[in-house]
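Worksheet: one structure, shown below.
Per-chain residue numbering starts at 1, and chain names A, B, C, D, E and F are given in the order in which the chains are listed.
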Amino acid sequence: MMRLSTPGHARFSQANQFEVTFGGAEANAAVMIAQLGGDASFVTRLPNNPLGDRTVRELAARSVRTDHIVRGGDRLGLYFVEQGASQRPSQVLYDRTQSAIAQAQENDFDWTQILAGAAWFHWSGITPALSNHLPGIVANACAAARANGSKISFDMNFRAKLWNAAAAGKILAPMVRDLDLCVCGVEEARSVFHLNGGSPSDMARQLRDQFGARCVAIPQREAATAGRTLWCAALFVDGSEYRSRTYELEIVDRIGAGDAFTGALLFAMRRGSAPQEIIDFAAAAAALKHTIPGDFALVTLSEVEATAAGGKGGRVQR
Amino acid sequence: MMRLSTPGHARFSQANQFEVTFGGAEANAAVMIAQLGGDASFVTRLPNNPLGDRTVRELAARSVRTDHIVRGGDRLGLYFVEQGASQRPSQVLYDRTQSAIAQAQENDFDWTQILAGAAWFHWSGITPALSNHLPGIVANACAAARANGSKISFDMNFRAKLWNAAAAGKILAPMVRDLDLCVCGVEEARSVFHLNGGSPSDMARQLRDQFGARCVAIPQREAATAGRTLWCAALFVDGSEYRSRTYELEIVDRIGAGDAFTGALLFAMRRGSAPQEIIDFAAAAAALKHTIPGDFALVTLSEVEATAAGGKGGRVQR
Amino acid sequence: MMRLSTPGHARFSQANQFEVTFGGAEANAAVMIAQLGGDASFVTRLPNNPLGDRTVRELAARSVRTDHIVRGGDRLGLYFVEQGASQRPSQVLYDRTQSAIAQAQENDFDWTQILAGAAWFHWSGITPALSNHLPGIVANACAAARANGSKISFDMNFRAKLWNAAAAGKILAPMVRDLDLCVCGVEEARSVFHLNGGSPSDMARQLRDQFGARCVAIPQREAATAGRTLWCAALFVDGSEYRSRTYELEIVDRIGAGDAFTGALLFAMRRGSAPQEIIDFAAAAAALKHTIPGDFALVTLSEVEATAAGGKGGRVQR
Amino acid sequence: MMRLSTPGHARFSQANQFEVTFGGAEANAAVMIAQLGGDASFVTRLPNNPLGDRTVRELAARSVRTDHIVRGGDRLGLYFVEQGASQRPSQVLYDRTQSAIAQAQENDFDWTQILAGAAWFHWSGITPALSNHLPGIVANACAAARANGSKISFDMNFRAKLWNAAAAGKILAPMVRDLDLCVCGVEEARSVFHLNGGSPSDMARQLRDQFGARCVAIPQREAATAGRTLWCAALFVDGSEYRSRTYELEIVDRIGAGDAFTGALLFAMRRGSAPQEIIDFAAAAAALKHTIPGDFALVTLSEVEATAAGGKGGRVQR
Amino acid sequence: MMRLSTPGHARFSQANQFEVTFGGAEANAAVMIAQLGGDASFVTRLPNNPLGDRTVRELAARSVRTDHIVRGGDRLGLYFVEQGASQRPSQVLYDRTQSAIAQAQENDFDWTQILAGAAWFHWSGITPALSNHLPGIVANACAAARANGSKISFDMNFRAKLWNAAAAGKILAPMVRDLDLCVCGVEEARSVFHLNGGSPSDMARQLRDQFGARCVAIPQREAATAGRTLWCAALFVDGSEYRSRTYELEIVDRIGAGDAFTGALLFAMRRGSAPQEIIDFAAAAAALKHTIPGDFALVTLSEVEATAAGGKGGRVQR
Amino acid sequence: MMRLSTPGHARFSQANQFEVTFGGAEANAAVMIAQLGGDASFVTRLPNNPLGDRTVRELAARSVRTDHIVRGGDRLGLYFVEQGASQRPSQVLYDRTQSAIAQAQENDFDWTQILAGAAWFHWSGITPALSNHLPGIVANACAAARANGSKISFDMNFRAKLWNAAAAGKILAPMVRDLDLCVCGVEEARSVFHLNGGSPSDMARQLRDQFGARCVAIPQREAATAGRTLWCAALFVDGSEYRSRTYELEIVDRIGAGDAFTGALLFAMRRGSAPQEIIDFAAAAAALKHTIPGDFALVTLSEVEATAAGGKGGRVQR
């Protein structure tokens, strides 16, 4: 998607320019992986017009492979962002009606070929919300992934402006099975999947037991305004819980932080880090994303590692 | 529509900001009339979201009445503009799929009430291109206008990116009848309506004879690059031809110049000017529009009159 | 007034651009009311030049009625704003000498006609500071309001760069009588009106007893730097005190927050809310104004209500 | 003065930022001289506020001496500029009412001391338009200059928005005597001084005979739109006429071109160039000024000489 | 190189921002080829720092292969650009001292491996000017190209700010032999290689006879200011001359136009076009480059073909 | 140096513009002194090109004397700044290789003449890091200062990207003797000079005893992220310690805060303030610098005094 953001803290009703960047849940995760030095390919459908071309180039510039992107359809999905401040929340206005991906058909994607050799297939809960065809397309991809020996990761990303929790639960519940990684907030698990309890470990247990999720990662945001937040995360593997430190963050742009978290989780799992290292690394990536304008987590491996190791940002690097 | 323009001469593939302005053929004509001191009401359908609200406010700020705008639908129509230069033409990329107006139904508009007391009803050939329902909606409006005693004006505005000439001709030909003003380029008349001949007067005659157009205005652009053009226009009334002077223009932004021309024609006809005055005035308005960023012709009555009277722009007003 | 602000945190001595917005105490209150869906008309005098025209349009775009604005005079009042940060306070530099409103004469305004049907007349303590004629003009307006059955509200807004406290007190004391609403800070009440005591309730009592103010609203700002502040307010009605919660605010632009407070008070009083609701609503409006660039409180009724209901801004609306 | 310009070709009614630069007729001439390596001191009165401070610094940054600038008064003179294009002329909106210099009194300036050692005293016809005191102040300066042995130069700079031609003629005619250099356009000479004839040499002769102008320089602008112009100038010395070549100019910003011309004339006369060299040099400076944003002619001696020698600008310097 | 350009027509002495783009003669030619759909790899040496990383990404985003870029060295080469206007020429200020490529050693590049499978090796006359080692490095590349069966193309690009014509001629003459394509201006050929005569055909003949250039392409710029120029080119193959039409161009940014010409020549030769088609195509590419900000020719194959076919840019594509 | 900063919080990998400002340790201290009304001359070597000219003008605009700046050399030193946020530290990327000052030779500066009449000579530990010649050049300056009766001040400013602590210690230790003022952080003293202990007073004692520093000033930064910090400082004179209050700062731009501290120390010492006043004043200056974009501390004497007196910034000055 192309993201059109009001500059500074301007409201939609007053902005005379929009900043042009690019993003989307799975794209952001792919960029995170590529930034860290991993190999990531982004699969979507984009229109055959200059905005579609631009989107491909923006991903290529961040070293994401784009050779499985299908071209066609009427329009590029857009979303408008108004950065909040203090007590005023940020606003996202989706404009994805009849976007190229929303118009996609099952036979647009040959998943067996796309996923050949892929270690992981990652999808988010946003995609099935975009059309009637997309749940089937994603299900096909999951089936091909399993057949192919690829692991599967899922990030809930429930968006109330795209569908309601009941609809989401009905569509997603049958799709979310046999996951190697499930990323899901406590509140989303409760509202979409009707899980009980209030703690991350409550949710992780049920996601494992009911949905077969082998690893569960749960991000937590607390005491937040639009400008400041506490942020931490927990990873649940083999019945154990691993918690990151809690970051106290001044927010530049929090959109994409969850996707950076997921991307960094996948990167760290793929390189075989220990669970505590994985969650520390992924939380550091998410923390840093809050400081970067745009959806993409434009940080390097060494920056994430320095933050995970306790760097606080207070010293000018010179 | 919201218009998103790359700044300066940047291409879509390189712009990192878009300028946000508002426009559209009929809206531009309405703004022109209101800028000149006339009374204009803009009728459309806009979504119930912050971008729809913003569009209403932008029109209100230019003194166009907005009380007949219907609210509802999924999204605001957008269009992207890349300003050309020299041999590189400007590009317009429409993004109007499933816009609120494209989703409009016949019963969204009570034309009898909307047009009560209106001296003129103006529509452009773009509108019927946007959906299957819109030709009927416009036809209803024309019928109500005739019943109501309002005059009708039509501006061809053929857009090859919205439909092809054959489709346009088929839809428009039955709608374009009994016009009090018809604005149409020579080439459009040929391709859409299959008229013969090459001169403005050839076209004007046929538009009168075949389509019942009482007044015909024909703008002409020659020797143009993206940065410079010759521009003039002719008005055909009661069998006589009235020509404006030919302007040699350095172009800042030519989008909306035709709409300014039409708006100024309507304003001048409404105040009862003589034909030569009308065409001189409207051509001056169109010439000035070429110098103003955005779709709207942000000029005053006295500025148009000064240009029509021969002002060349070379003297700083101080 | 036109407001010219340095971008970001740039100082006057380094800025190469000024952001152009519009504001002023009463205009801001009017915009707040109109944003909330109320009916507000702004009365002032503006020059007959493009900057005066622009000011009218900016108000119209925010749905404020402008038909009682008188046109004439030499120049538009300006003010320059330099946003502070942390320990460096924001600076306002007034440039209102010989502005159109400062040149106004008593007979420029026919208050009986202007106030016909008005539920409220609101004025601020800034206006009488601008010329020798303005105290009389405002007094005429108050008299017409009383004759007309309009309620009267007054916001102190003492500005040390326009006059000193002694002069202000001398001019304002006789004008401030029989008020339906008086908005005044503790410190202003002490310095301008020589009231005693240190608490809001001390001040409210004296404003009621000495000046006949039926309702008194007292905003309080504490522990503030240029970037962060605590903010709350109290309303005194019929001998009772109603306090808002205390907001801990990260400041984008606090200019106009007091005017948003007053406008929201008037709106809530006009719709007949209970006192606790009124102060909660108005405090929420003031809190939100701190997050918006420019003088105008560009928020909606539902946003104010959501904040009043406890929304903290930490959740992206998507 | 501080100059506030709309960016690009934006109109006053649409600009959301103003570019901040500094200028004014005599200041521009002083900057031109300093840019060329000459010694120039600018004399005016500026307010004791951050905008006054800034103005001093901007001149100092261009190597103009500022030690004779008097500080005091209410406000800085401003002017707003809207760049025209093609048939739309540029607009200047003066906002100089009650500026510090307009409030100046005769005893603010000790001209004998200020002009000690000065080779030239230069003034423009704008200054006496600003207040009732300024004609006397300028007359004092001229008297001191003559007493002191300084030469005197005068640039007409008639501004219709400041006064009318009749008023200007009445004030200026007695002041304009015994000049070492008089810069005046043909049309100005006709309207303000009621001179006869239509050619530069007609005017030069009368300015010499009636006003005692030893050298007369006459700039000429032809065939101009807001974006393109022909520009040339003639110098009349000792009964001979010396003409520059005619420049065909694409205009970036023509404000200040006349002042650059005058400054370069003074510089070249001061270094003792021959008349043909003087007019060639000064015309080249004026031509280059048309290409530079802002009032100041930010060019170097070698650049002016290269242009005077025939450089056409078509070769990238690399 | 990173290019830092003053915005609009601002001078170095006044710009407060620099636009950041990327370019350089061979990089620009590579981008042109990749934009047209060809396969191009850019070979250079870039520092291991964020600016080096950025440069790689900018090329990747334009589909240029970057896998042969060597990383190391102290700094990224920079150049500063000030856009001229009218009579004021554009300025380029090189800042390439001790850039990573200037510090390169012969053994940094394994040309046999780099050029394996390459149809063409292209180099420009700028590169040998940057250090004492670079002539040898380029000579190694040429030798490897010949051994490898790659064709060789050379673009003179004489830069007076890097070396003088005598030094250039001494270094380049022995390197420029056995070329499949030689691009060289008439004046460069005269000053650097001491060729005689004044016409393109004179030069082409001598370049063929003395330097063994099989094809010679000669661009010509005439009647140019910084804002407008005539531009055409001629191609000499097998004793015949093929001329493009002459473009009358309004210049947005002409830097890189020559490189676009060369890149388009190589692309068209590689796809086996006929000589007239080749020169028409390459001239159209160069013409379009004049309209695009930055060094890179961000145009598509179909745009170049449309311009070569006579498109004048005067029609908005909508 | 010219400083090129990414706007807002943009990273090097995404910025499309750089903000252009000027700075450098000693220049910043000189500007601080001049801003406060003191007399400061900046000595360096700058290239003879437009960027060198610009640097001189920027200093002149801030009232720093520039007559001892030597002109010559290949290039202007640059540095790139990426503003961090929260946990992401700010990045400085030096680009000073072969800058004009790094190429300076001993005989470029006649220190006896330069320092004639100077009350103080100030240098920072950055300068000797820039070339092999600079330690000798600085040593010459120190010798001339001592011969001349000027006091000497030294600010450590250790920069790990320019040299390592061991190299710094080896070069600086013999140069740092007989100082009238030594500004040095605790950690720098430990790593560069191998001093023991952890408190400011430990360090101050050893700097006095081992290096003959008569006054020692030690700034302290704690609990810092890129956006917030605690900041205080201590001054050690005649065996006593004087501490400033601790500022809790929201950071706009902290680069140059240490230099503002040193400049304000020198200013306050020069005007003979008492030690507690000196440290309070200098700490206030440093605190305010954190709020100002760019290296220069653009504050006035009265602003520093108001902050030193306890002003917290929370009140708009109007």
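Here, contacts are C-beta pairs under 8 Å (C-beta built on N, C-alpha and C of every residue); 3 or more make two chains touch, one makes a residue touch a chain.
This is a predicted model, so every value here is computed, not measured.
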Labels of chains that are neighbours to chain C and to chain E = A, B, D, F
Looking at C-D, B-C or C-F, which pair matches E-F on over half of its contact pairs by residue number?
-> C-D
Is the contact between chain B and chain E built from the same residue numbers on each copy (over half shared) or from different ones (under half shared)?
-> different
Provide the C-alpha centroid distance between chain A and chain F, rounded to the nearest whole angstrom.
-> 44
Distance between the CA centroids of chain D and chain F (whole Å) is 42
Chain C touches at least 2 other chains through residues 11, 13, 16, 57, 91
Please give all chain pairs that are in touch with each other.
-> A-B, A-C, A-E, A-F, B-C, B-D, B-E, C-D, C-F, D-E, D-F, E-F
Which residues of chain D touch chain E in their complex?
-> 247, 249-252, 284, 287-288, 290-294, 298-299, 303, 307, 311-318
Residue ranges of chain D in contact with chain B within the complex = 8-11, 13-14, 84-92, 94, 159-161, 221, 223-229, 254-255
Residue ranges of chain B touching chain A (in the complex, touch as defined) = 4, 7, 11-13, 15-20, 49-51, 53-54, 57, 74-76, 78, 80, 82, 91, 93, 95, 97-98
Of all residues in chain A, those that touch chain E in their complex = 57-58, 60-63
